[in-house]
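Chain IDs A, B, C and D follow the sequence of writing; residue 1 opens each chain.
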Amino acid sequence: MLEELKEAVFKANLELPERGLIKYTWGNVSAFDPQSGYFVIKPSGVDYDTMTADDMVVVDLNNNIIEGSLKPSSDTPTHAVLYKNFPEIRSIVHTHSPWATIWAQAGQDVPAMGTTHADTFYGTVPCARFLTTEEAQNAYEHNTGELIVNTFKERGIDPQAIPAVLLHGHGPFTWGKSPEAAVMNSVVLEEVCKMNFYTRQLNVFAEPLPQAILDVHYLRKHGKNAYYGQSNK
Amino acid sequence: MLEELKEAVFKANLELPERGLIKYTWGNVSAFDPQSGYFVIKPSGVDYDTMTADDMVVVDLNNNIIEGSLKPSSDTPTHAVLYKNFPEIRSIVHTHSPWATIWAQAGQDVPAMGTTHADTFYGTVPCARFLTTEEAQNAYEHNTGELIVNTFKERGIDPQAIPAVLLHGHGPFTWGKSPEAAVMNSVVLEEVCKMNFYTRQLNVFAEPLPQAILDVHYLRKHGKNAYYGQSNK
Amino acid sequence: MLEELKEAVFKANLELPERGLIKYTWGNVSAFDPQSGYFVIKPSGVDYDTMTADDMVVVDLNNNIIEGSLKPSSDTPTHAVLYKNFPEIRSIVHTHSPWATIWAQAGQDVPAMGTTHADTFYGTVPCARFLTTEEAQNAYEHNTGELIVNTFKERGIDPQAIPAVLLHGHGPFTWGKSPEAAVMNSVVLEEVCKMNFYTRQLNVFAEPLPQAILDVHYLRKHGKNAYYGQSNK
Amino acid sequence: MLEELKEAVFKANLELPERGLIKYTWGNVSAFDPQSGYFVIKPSGVDYDTMTADDMVVVDLNNNIIEGSLKPSSDTPTHAVLYKNFPEIRSIVHTHSPWATIWAQAGQDVPAMGTTHADTFYGTVPCARFLTTEEAQNAYEHNTGELIVNTFKERGIDPQAIPAVLLHGHGPFTWGKSPEAAVMNSVVLEEVCKMNFYTRQLNVFAEPLPQAILDVHYLRKHGKNAYYGQSNK
């Protein structure tokens, strides 16, 4: 069942340590199949050296295991809430990548300071608040998903234009149209978190990227008249 | 004698440079065999490129060499004191990994700022004081062990819940149920030392992780009702 | 057409990720052929793993595609303006290398703080201002080139003595007598941006390199009586 | 002539990029043969990928080429002055390794903040002043050597106890009893420069290592009654 998607999710999980985003098993990737309404996710705490595509677990949006002999990632309920509420997204990535986690631990939104950011994120990447004691003690992972969704709603952010969030005290989640794209968004987030930190240290008066340059860079890649890459030549 | 343990200790020592925790021979791993009361430890100052599992040295808790043609690590007496006083631990790792060493040189405890910390350490990792001149001049390595034990006693810290310590001006020791686990604890400590440093630099008012989130993350991995990983499915 | 140049440009593009200057397709290298008046440039957004030398695109200085089945880099018009106005240069490199980008985001010139800088750049590397809204909204990439040229003109900088520029909010461009040299200038710029940042953090009163030492180091490699290397023995 | 020494010098030069101390050709290693009074040094500006042991150049202490078809490193006169004045040393390494260069650019001595430092350097590593205009304009490389020697003399530092120096605005030189040892001293210097920088950033009141601990660590490796390693078992 969903063999191709399992293969893609498996490969994307392997990309996490290869790209320096995680150590050990500190991350997970999932992908959603809109036809069946199921998603495929990494099993919990399995060594990446021995993991195979067949170990991927198929679950539904209520966190029921549909197929698979292993337990799915403990963060599965967070993924389920995001797929339910952000219907356009097809893959989700969670990591503890150091720079994004540093911003998450600091509880800071990530402003657009340069074109590296603008090429992927159309504005500030939000940092969601700490979960309350109550939210943490009951259905922690589910409530994490709800908190992300509410953060985007309350702040009027389009999850397609800003495919990433930080969780205060925890780390990043990113998403995209495919596992490959969701992983790339994690890489970009990591890079801009690193660069923005040092930018402010180098010049405390450093200004965010002017709106006109943010527009050009985001839209030349993601707008209607995009002219970056080969797909629109 | 203790061939399997030698192999495990040998492999764990090789992991130290592979995971970026040490350069040259700046670290050592040991493992304790509760049946014989002996422990196996890396020889002193032997090049990792030529070292074999057979070079591992077997010593007793009074630092007598039981088997082995090489001198054991000069830090052997520190390991012995820890095995005597922390009877649940089965392996000890010492490194000069840069970020943990930076915190050690700064003489600072490592607070829990995020879930990466909470997944492994159930609270603040302590930094033991400098050894006194007297402690340094006589039985330095033995006194290092005593200082660690006393730091945990005086501060009422459970060495199983916090399997790591920093020594002021020196570096980290970590431990665990196996050489693999003790090395992983060194990796986690290194990572949280790096991330916590930058967290504070990014936001000097950054708050520690709320207790409820610390509880969820530590306990979902290490508590009675742990649900992370496959062993408790 | 221009097969050798295509091969050199292709290889130089591959060097960008190998030397840690870019991730994914976040950079481009071109090289100019003075006989034909054409230049060879990387195609836009093509995966480095599947790209071949044949994928390189030949364009003229008015951005017309002369040969090639793929779209050239979206930054092509910037390259064209530089070749038109800096007639001595033979290759251009654009990256989002982290440290140079950090200085670009901070909007800061890079002063000569040491001999690593002096060995390549004969003084301060300038940071050009943000593009205005008007410049960004029409012919953004062409205007980027014009801004670089005007920055060098207005500040009286010789592009051969300072083969690099930063663009505020964006990143670096470097150039040289060959693709290999232009890439090396990117590597040097990245390294001095990193080292100069930490130099000032370590000592806020750190002074720039005295002129006499700047002279010796620059001229022993690039002056009339250069004595570094084997070409002048 | 001196084939074994050439091989050792060649290998030590290759170690510089492997250990992250240099990029391209930004470094050089030499070794002294006390019997002949000659030393072997890397040729100037030769690509490490194509360099062979035979390319090493034999020179005397007055910088005359005794054997070799290539020009020796432009820093050769600095090495000659050091061999003349520090008769116990057998090998010299010069790099632009980033952290040591950062301290050199900042013009700062490197204090002993931890045992990683104490295991190799018996106290503060000095930073020599900028060369004067006159010193820079005539016999720059020779004067660099003289400045190092005078810095050690004036400050009463034993070059065997502190086998390293920084040059303001330039970078580090280290030395040792063999090319391997001199390279290791460069690695240690790089590591302590990195760790000491962050130590002070983490805690501006961080204290240097107490003398008694400095003594134990230095002497257990380098003292008369050294007990670290296998050579003294």
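Couple of notes before you dig in:
Rule of thumb we're sticking to: contacts are C-beta pairs under 8 Å (C-beta built on N, C-alpha and C of every residue); 3 or more make two chains touch, one makes a residue touch a chain.
Since this is a predicted model, take the numbers as computed values, not measurements.
Here the chain-to-chain distance from subunit B to subunit C, counted in touching steps, is 2. One rotation lays the C-alpha atoms of subunit C on subunit D, and its angle is 90 degrees to the nearest 5. Among the remaining chains, the Cα-based centre furthest from that of subunit A is the centre of D. Chain centres here are Cα means. That of subunit B falls 33 Å from that of subunit D. Each of the following residues of subunit D touches two or more other chains: 201.
Judged by the touch criterion defined above, the protein chains form a single closed ring in which each chain touches exactly two others. Chains touching one another form the pairs A-B, A-C, B-D, C-D. In the complex of the two chains, the subunit D residues touching subunit B come out as 19, 113-116, 119, 184, 187, 191, 194-196, 198-199, 201-203, 206-207, 209-213, 215-216, 220, 227-230, 233. Within the complex formed with subunit A, the residues of subunit C that make contact are 23-24, 26, 43-46, 70-71, 74, 96, 98-99, 101-108, 130-133, 136-137, 140, 169-171, 197, 201.
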